[in-house]
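Given below, in the form of structure tokens, are the structures.
Next come two complexes, and both contain chain A; in the first it sits with chain B, in the second with chain C.
Then we have the complex of A and B:
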């Protein structure tokens, strides 16, 4: 709870910075504030406590995911320092990002559907604005418009689902809904199931799962690169945290109804994301499709709803966020130079900057799921959870689509090491290089300590 | 039973006016029918004994949002020539898709249980006082967090509409 207040306060502070002339110090203040918020959050570990008439429940699950979200945002601020330097209204951008983070944290700790809805809306509305923040760029405008239209539509589905479930249960509270469904498993009215399906549609859209993923590539492609990085990491993490929390607590007694839907959607998402990513020439667009595919793997863990899938989702999101941030730090440099982000832009990087090339390779290998990177263990635990729940066909599909994934991730690695060029048109040095090394090294270190992370939850 | 008669009359009126919104050729007529539709829905709130929602619905939707709609129509100047040409294939596709949706909705409704229509029993449910009690006691936190939502929306609106200083 204190974390939400701290983050919201930090957002207001960044708005005040223009009036009271401390814009120069703002960046450091935000970093310190985020670090403090992480500290506050960690202090609450193991003290599950429910606040304000059970509106939020700060349990270990909520704390783990909020700390992940805040750490990713902290890293994101480091990564996008150059973006903030070039923007004329940096403090407004920072404020919106912090408010979005506040919404994302609400989505990890809600124990009432009204909090879920408000958290989701804070996150979505901030993202609509940030997608269009490159005002003079037509693609950015298109991205914002598309995201806004589709997002508003999906929110409608979600709200309708919440309304139908409220109509049956008479409460927004997660534990009340869980108790009610537990007691009336066999005579739940049809509209309750309709409500679950509508909730699923809304959430599938937010995590960009297969039949509802059409917006993702265009929006990810058109938005400013750093904003795309934020969407691919923070927004996705928050959406999955909310998805698991909602379905594992509320509807666990009717799981036979929804696990098959999620399993089929997961299979479709993995295949669609990976196959379409192969055909992309732009690296940014390829990463957009790959993020759709990653959503499919995480949905697998949701379908295999069990105690171990919680930790598996957490580990997967850590690994995925780290390597995504690393790759996007490089993409950001490329886009700032106004270079095309065709795969060939990476040609010869291994010769001109071997360290950066090695780190990009680690990030790519982690995303592709090659041992011993963190991404491999994320996939491993998810596959294990799915196998334990009897989804053998789903695991086979996932392995197959991972193999397709390896192909396009290796295209970049191959370009770096076997490209003919001696030099590249861009340089990676200073903070971005440090950042890249950080995410590469962390991907390896986390790969070593996966057991600890999975058993944390 | 006067209650159920008024329910059916209101429902029929709202469906008919909603159809007119879609079918009328002139956008201003559509807006007028939409206002009528909002009024009939407000009538439903009254039947459900939700006076506060009734008032808010009229003020916000029939008042503020409608003005916004009219402004938009005024600004974008819709002419016949401006309308994009739709191919027959697209029209046929739309008819098929709509028909399938109709089929699904009908099938879903066929399987649904019917709940007998009841007049609101609790007299004070929809009064402002009770709503305030619930909003500021039980739902105090969502109410406050909603302010973050509005703040970020406002900052966003300023950000997007501010002139770029080049």
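Then we have the complex of A and C:
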């Protein structure tokens, strides 16, 4: 709870910086504030406490995911420093990002459906604005418009689902809903199941699962690169945290009804994301499709509904966020130079900057799921959870689509190492290079300590 | 949890269906009947969008200054936020000091935003 207040306070502080002229110090203030919020959150570990008439429940699950979200945002601020320098209204962007983070944290700690809705809306509305923040760029406007239209529609589905569930149970509270479903497993009315399906549709949209993924490539492609990085990491993490929390606590007694739906959607998402990513020439668009594919893998863990899927999702999201941020840091440099982000832009990077090339390779290998990177262990634990729950066909599909994934991730690695060029048109140095090394090294280190992370939850 | 589920049968929705038929029927009947009863004079003036004595001129789709839009949207924002004060004012005594402090925080945030808007020059007309 204190973390939400701290971060909202930071957001307001960013707005005040415009009025009281301390814009120069704002960047440092935000970094310190986020670090403090992470500290406050960690201090609350193992003290499950419920706030505001049981609307918010800060348990270890919520803390783990909020710390992940805040750490990713902290790294994101480091990564996008150059973006903030070039932007005239930097404090407004920082404020909106911090408010979006607030919404994301609400989505990890809700214990009430109305709180879920509030969190989701705070996050989504901030993202609609940020997508269109490159005001003079048509693509950015298009992306904001598309995201808003589709997002509003999906929110409608989610709300309708919440309304139907409320109609049956008579409460928004997750524990009340769980007790009610537990007691009436065999005579739940049809509209309850309709409510679950509508909730699923809304959440599938938010995590960009097939067949609700069509918005993702266009929105990811059109939005400013740093904002895309934020969407691909923070928004996705928050959406999955909410998804798991909702379905694992509320509807665990009727899991036979929804695990098959999620399993089929997971299979579709993996295949659609990976196959479509192969055909992309723009690296940014390719990463958008790859993020769709990653959503598919995480959905597998949701379908497994076992005690181990919590930790598996957490580990996977850490690995995925780290490598995504690393790659997007490079893409940001490329886009700032107004270069096309065709794969060929990476030609010869291994010769001009071997360190950066190695780190990008680590990020790519982690995303592709090659041992010993963190991404491999993320996939390993998810596949294990799915196998233990008897989803052999799903695991086979996942392995197959991972192989397709290796193909397009390696295209970038190949371009860097076998490209004929001696130099690249862009340079990676200073903070972005440090950042890249950080995410590469962390990807390896987390790969070594996976047991600890998985058993944390 | 003493709530029981009221199992509803389709027959319970009959009043809704009747209401729907009545509503649709009223609209359709009035449209149809006015066509039958009213005299049918078609002239340019009769077909104008505003036929109230003042001659209409130009197109309605003229570009207007974006500042109107900005001010209108800011008005709506602040107007809606102020609505929170009504339930607070009604329950002022019951909520006591805590409610008062909460409202102060809320108004402080609102004031912060007003300052921000002024500082950004959103209300400057020039």
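Going forward, the second predicted complex is superposed on the first by the 457 of 457 C-alpha atoms of A that agree within 3 Å, B and C clash if a C-alpha of one lies under 4 Å from a C-alpha of the other, contacts with A are read in each partner's own complex, and residues count from 1 in each chain.
Operating definition for what follows: contacts are C-beta pairs under 8 Å (C-beta built on N, C-alpha and C of every residue); 3 or more make two chains touch, one makes a residue touch a chain.
All values reported here derive from a predicted model rather than from experimental measurement.
Colleague: Both complexes share chain A, so when I overlay them there, do chain B and chain C fit or clash?
Modeller: clash
Colleague: Does the superposition put A:15 against chain B (first), chain C (second), both, or neither?
Modeller: After superposition on chain A, A:15 lies in contact with both partners, chain B and chain C.
Colleague: Quick one: classify A:367 as touching chain B (first), chain C (second), both or neither.
Modeller: In the superposed model, A:367 contacts neither chain B nor chain C.
Colleague: Determine, for the superposed model, which of the two partners chain B and chain C contacts more residues of chain A.
Modeller: Tallying touched residues of chain A, the top partner is B.
Colleague: Where does A:189 make contact in the superposed view: on chain B (first), on chain C (second), on both, or on neither?
Modeller: both
Colleague: Quick one: is A:436 in contact with chain B, with chain C, with both, or with neither? Answer first, second, both or neither.
Modeller: It touches nothing on chain B or chain C.
Colleague: Using the superposition on chain A described above, determine whether A:55 touches chain B (first), chain C (second), both, or neither.
Modeller: A:55 sits against chain B, while chain C stays out of touch.
Colleague: Scan A:128 for contacts with chain B and chain C and give back first, second, both or neither.
Modeller: In the superposition, A:128 touches chain B alone.
Colleague: Kindly classify A:382 by the partners it touches after superposition: chain B alone (first), chain C alone (second), both, or neither?
Modeller: The answer is neither, since A:382 touches no partner chain.
Colleague: Kindly classify A:169 by the partners it touches after superposition: chain B alone (first), chain C alone (second), both, or neither?
Modeller: The answer is second: A:169 touches chain C but not chain B.
Colleague: Counting contacts the way the document defines them, which residues of chain A are shared by the two interfaces, the one with chain B and the one with chain C?
Modeller: 12, 15, 89, 189
Colleague: Can you list the chain A residues touching chain B in their complex?
Modeller: These residues of chain A touch chain B: 4, 8, 11-12, 15, 51-53, 55-56, 88-89, 92-93, 95-96, 99-100, 102-103, 106, 112, 114-115, 118-119, 121-122, 125-126, 128-130, 132-133, 135-136, 189-191, 194.
Colleague: Under the stated contact criterion, what part of chain C meets chain A in this complex?
Modeller: Chain C residues touching chain A: 1, 3, 5, 7, 109, 112-113, 115-116, 119-120.
Colleague: Mind pulling up the chain A residues that touch chain C in the complex?
Modeller: Those in contact with chain C are residues 12, 15-16, 18-19, 89, 168-171, 176, 179-180, 183-184, 189.
Colleague: Any idea which chain B residues touch chain A in the complex?
Modeller: 108, 111-113, 137-142, 145-146, 148-149, 151-153, 155-160, 162, 164-165
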